[in-house]
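Each in structure tokens, the structures are laid out below.
There are two complexes below, and they share subunit A, which is joined by subunit B in the first and by subunit C in the second.
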Partner chain A sequence: MKRTLILSAAMLAVAAMSNQHAIAQAGKSAKKPAAAAAKSKQAAEFEQFHEELEQDNPAELFELKGEELWKAKRGPKHASLEQCDLGLGPGVVKGAYVQMPRYFADVGQVMDPERRILHCMVTLQGFRQADLAKQPFSTPDQTPDQVSLVAYVAAQSRGMKIAVPQTNAQEREAYAVGREIFNYRAGPYDFSCATCHGQKGLRIRSQQLPDLASKEQAINGYQGWPGYRLTGGLMHTLQWRMNDCFRQQRFPEPGYASETITDLLTYLAVNADGHVYKGPGIKR
Partner chain B sequence: MKIRIISRDIARNISLSGAAAIALLAAIPGHAQDARTTAIAIMKRDFHAKGIAGMDRLDQDALQVVCNRSNNHPPKAIADRLEQDQAESIKYPADGKLLGDWKAGEKIAQNGRGMTWKDKPGQAAGGGCYNCHQIGPNEISFGDVGPSLYRLGKIRGEGPAMQKYVYAKIYDSKAANLCSAMPRFGHSGALTEAQIKDLVALLLDPHSPVNQ
Partner chain C sequence: MSDPMKIRAQMKGDIADIRVLISHPMETGLRKDAKTGKLVPAHYITTLNVTVNGKTVVAGETGTSISRNPVFGFKVKGAKAGDKVVISWVDNLGDKRSDEASIN
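This part shows the complex of A and B:
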């Protein structure tokens, strides 16, 4: 883990320098309306910086940890996850991540990757769902096993196209309900997901917001997850991302690995269909 | 949109309370509504209260119902009526003074905290204004979901009418634009009267850097 610390320190330093550079850039343009050219130059620089970061991504360490956990005999049943069916048959991990959420006949439900992995941990290894849900997100003290497992599974879809099935009624229902959850305005601030993520080209502070309702930009919400987040230096999955979005939406808390999250992820993944998934990433 | 079949004349002649507006919209059949009903039921089952964020936050008020059901494009007659309801609920300061302290206003505009399950009860919220608006000349990390407010007082004037307009916008943005993306900071209780006055000062006080 020492390597992680050195890496993150170095990256934070680079991030800080790049940020100062961005501020200087934006400062120049603040006097006049921001010139489109300056804006795109800045975006290109950030893109390059991001690519450099990805070449030495701590997420890889979690992929390796996840692979160990996948193959090890664990839990009350002293079994590995190697017989886990992620939708392509027992034991097939390659390509499974980009083809979920999908309908699983054994449970009669649509499941997203993390939910399905939890299901396997419960059924094959004998872990208790309630225990796995107790502390499901990474903290400075611990990274839950399922986070590393998701990183491992996701890595086995690196470079593959997102191809989430919409072949049966339940999968189509999950998409339709997910779209409604995405557009549902409520709470003290009247926010829905779409308030910030339903239009192209919007920015919160200096953060570009992808239009997750669009076929072109939905991939931006999917790409890079699971990911190593520079803020806090923690590995997170899309389960965490959805949870923290609802927090900022001023909603109550969604249940971990609940149908709400699966439906929302179905909406997101189907919108991102056909785009190439680059594997676990790095986030600011 | 099927809503358009509602005759304008009928809509005009009915005194539309929020409930009546909902009833009108509820009469519209459609597949989208089935999925929405399911979505709401699923969310109510799957969410739980956390900290100050109670489950009541999943309930829509009349305005939210209308905006959700019309995909944020309500029929004009309904929008006019509900905007009027919002406008009438705005509470202006008793002493009629709308300009607070612009320095305090800048801090409120910078502060994006408040109303989440991580925020403590009773802790003053921020407006998070820079999330969506350009405001002061020294803050270059600003969003663009809303319009630039830089030099607002210089451009649009600083007098009593403008002060009242800005106070109302912050208190309840929906009074002028029913399905606006901007929160209703006064209506929701996120910001106090004094805080809104400070923000009015940030935007309109001639001494504020916004207007230098």
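This part shows the complex of A and C:
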């Protein structure tokens, strides 16, 4: 309908003007702003739709579940996670998520949130890492405990600025290695993360692809995780997101809670540094 | 054993806006298990009741077309801040749950 109107406007211009050049100009200028307006209207409507979804985000159910799990005495050692040190001291959960990945002196390694939570489940509660890694991602039948725990921990950093430390040599190394992995082209498609996420303005179908190498857009990739995916109705963390990116590139599957993922997440988080984290999100 | 609901109830003008997030698998009975190839048995909420200060304001029948972990929203006239909202559901396997909140 709109297009016909624009066309007829252009036709009127043709009729009114005798100069050929002027006609082409008029037609062009009439079309362009209208198309741009339609696009931004669509984007605005989608944003509004997304905001409405955020108001009632099922991720909150997992935050609740995670809080319960955090405080419950569980595992062979019958202990809670309340003494877990997420980098700000034992038991401090508030603000911890936005300050990870970071270097942990007790293990001499950089760890991302999920990896650190697993570490606490192993050391404090006596769970076995191999058991936790057996079925690490949500399926329609079950949501792993660590997924709910990550949702709870992430929620305690809602509205806080991402401030990932880069003071330690290992933290800087994790960033550098993460950048290497991000740009590493391989696999049957000769793909890298940067193929889709290394420049601005790309999209896949209607999905805008953030440029994760840039300071302005990296937050768009970091924000919203852990997130509730409406497709399938499952809660997922960044561990899952990274794993699935590898799958999409037809790479071999990365190790769950491995150094590779920590490095990639360090790269992503440091790039998103300074932006406000809105807490667990909702995804299409 | 079911997980708690998350209820939000607030006055917007003279209308109470009640929203509830329910943790439930809402299996339709049509999905096949990826490993075994067998149908996953149906498991879904069949009735949903909402009361404000003991008075039923919603008596709903629900079915398999509703998503996993559903969100329901209601607008109720004649309620006021401080009123007690009780939301309860029953599913086809006889599981049930009831949670309450007060309107603010």
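To be clear about the criterion, the second predicted complex is superposed on the first by the 250 of 284 C-alpha atoms of A that agree within 3 Å, B and C clash if a C-alpha of one lies under 4 Å from a C-alpha of the other, contacts with A are read in each partner's own complex, and residues count from 1 in each chain.
The definition used in the following text is that a residue touches a chain if its C-beta (ideal position, glycine included) is under 8 Å from a C-beta of that chain, and two chains touch if they have at least 3 such contacts.
What you see is a predicted model, and the numbers here were worked out from it, not measured in a lab.
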Quiz item: With subunit A superposed, do subunit B and subunit C clash or fit?
Solution: fit
Quiz item: Between subunit B (first) and subunit C (second), which does A:43 come into contact with in this model arrangement: first, second, both, or neither?
Solution: neither
Quiz item: Between subunit B (first) and subunit C (second), which does A:92 come into contact with in this model arrangement: first, second, both, or neither?
Solution: neither
Practice problem: For A:196, select first, second, both or neither according to whether it touches subunit B, subunit C, the two together, or no partner. | Solution: first
Quiz item: Where does A:176 make contact in the superposed view: on subunit B (first), on subunit C (second), on both, or on neither?
Solution: first
Quiz item: Is A:107 in contact with subunit B, with subunit C, with both, or with neither (first, second, both, neither)?
Solution: neither
Quiz item: Is A:233 contacted by the first partner subunit B, the second partner subunit C, both or neither?
Solution: second
Exercise. Specify the partner with more touching residues on subunit A, choosing between subunit B and subunit C.
Key: B
Quiz item: Who does A:65 touch here: subunit B (first), subunit C (second), both, or neither?
Solution: second
Self-check item: Smallest distance from any CA atom of subunit C to any CA atom of subunit B, in Å, after fitting
Solution: 12
Practice problem: Could you please specify the touching residues of subunit B with respect to subunit A in the complex? | Solution: 31-32, 35-36, 38-40, 42-43, 45-50, 53-55, 57-60, 63-64, 67-68, 71, 115-118, 130-132, 134, 137, 140-145, 174, 181, 183-184, 188-190
Quiz item: Within the complex, which stretch of subunit A touches subunit C?
Solution: 55-58, 60-61, 64-65, 140-141, 228, 230, 232-233
Self-check item: subunit B contact footprint on subunit A (complex, rising order)
Solution: 23, 26-27, 30, 173, 176-177, 179-181, 183-192, 195-196, 202-207, 247-248, 250-255, 258-261, 263
Quiz item: So in the complex, which bits of subunit C are touching subunit A?
Solution: 3-4, 6, 8, 19, 21, 23, 25-27, 31, 33, 40, 67-69, 71, 73
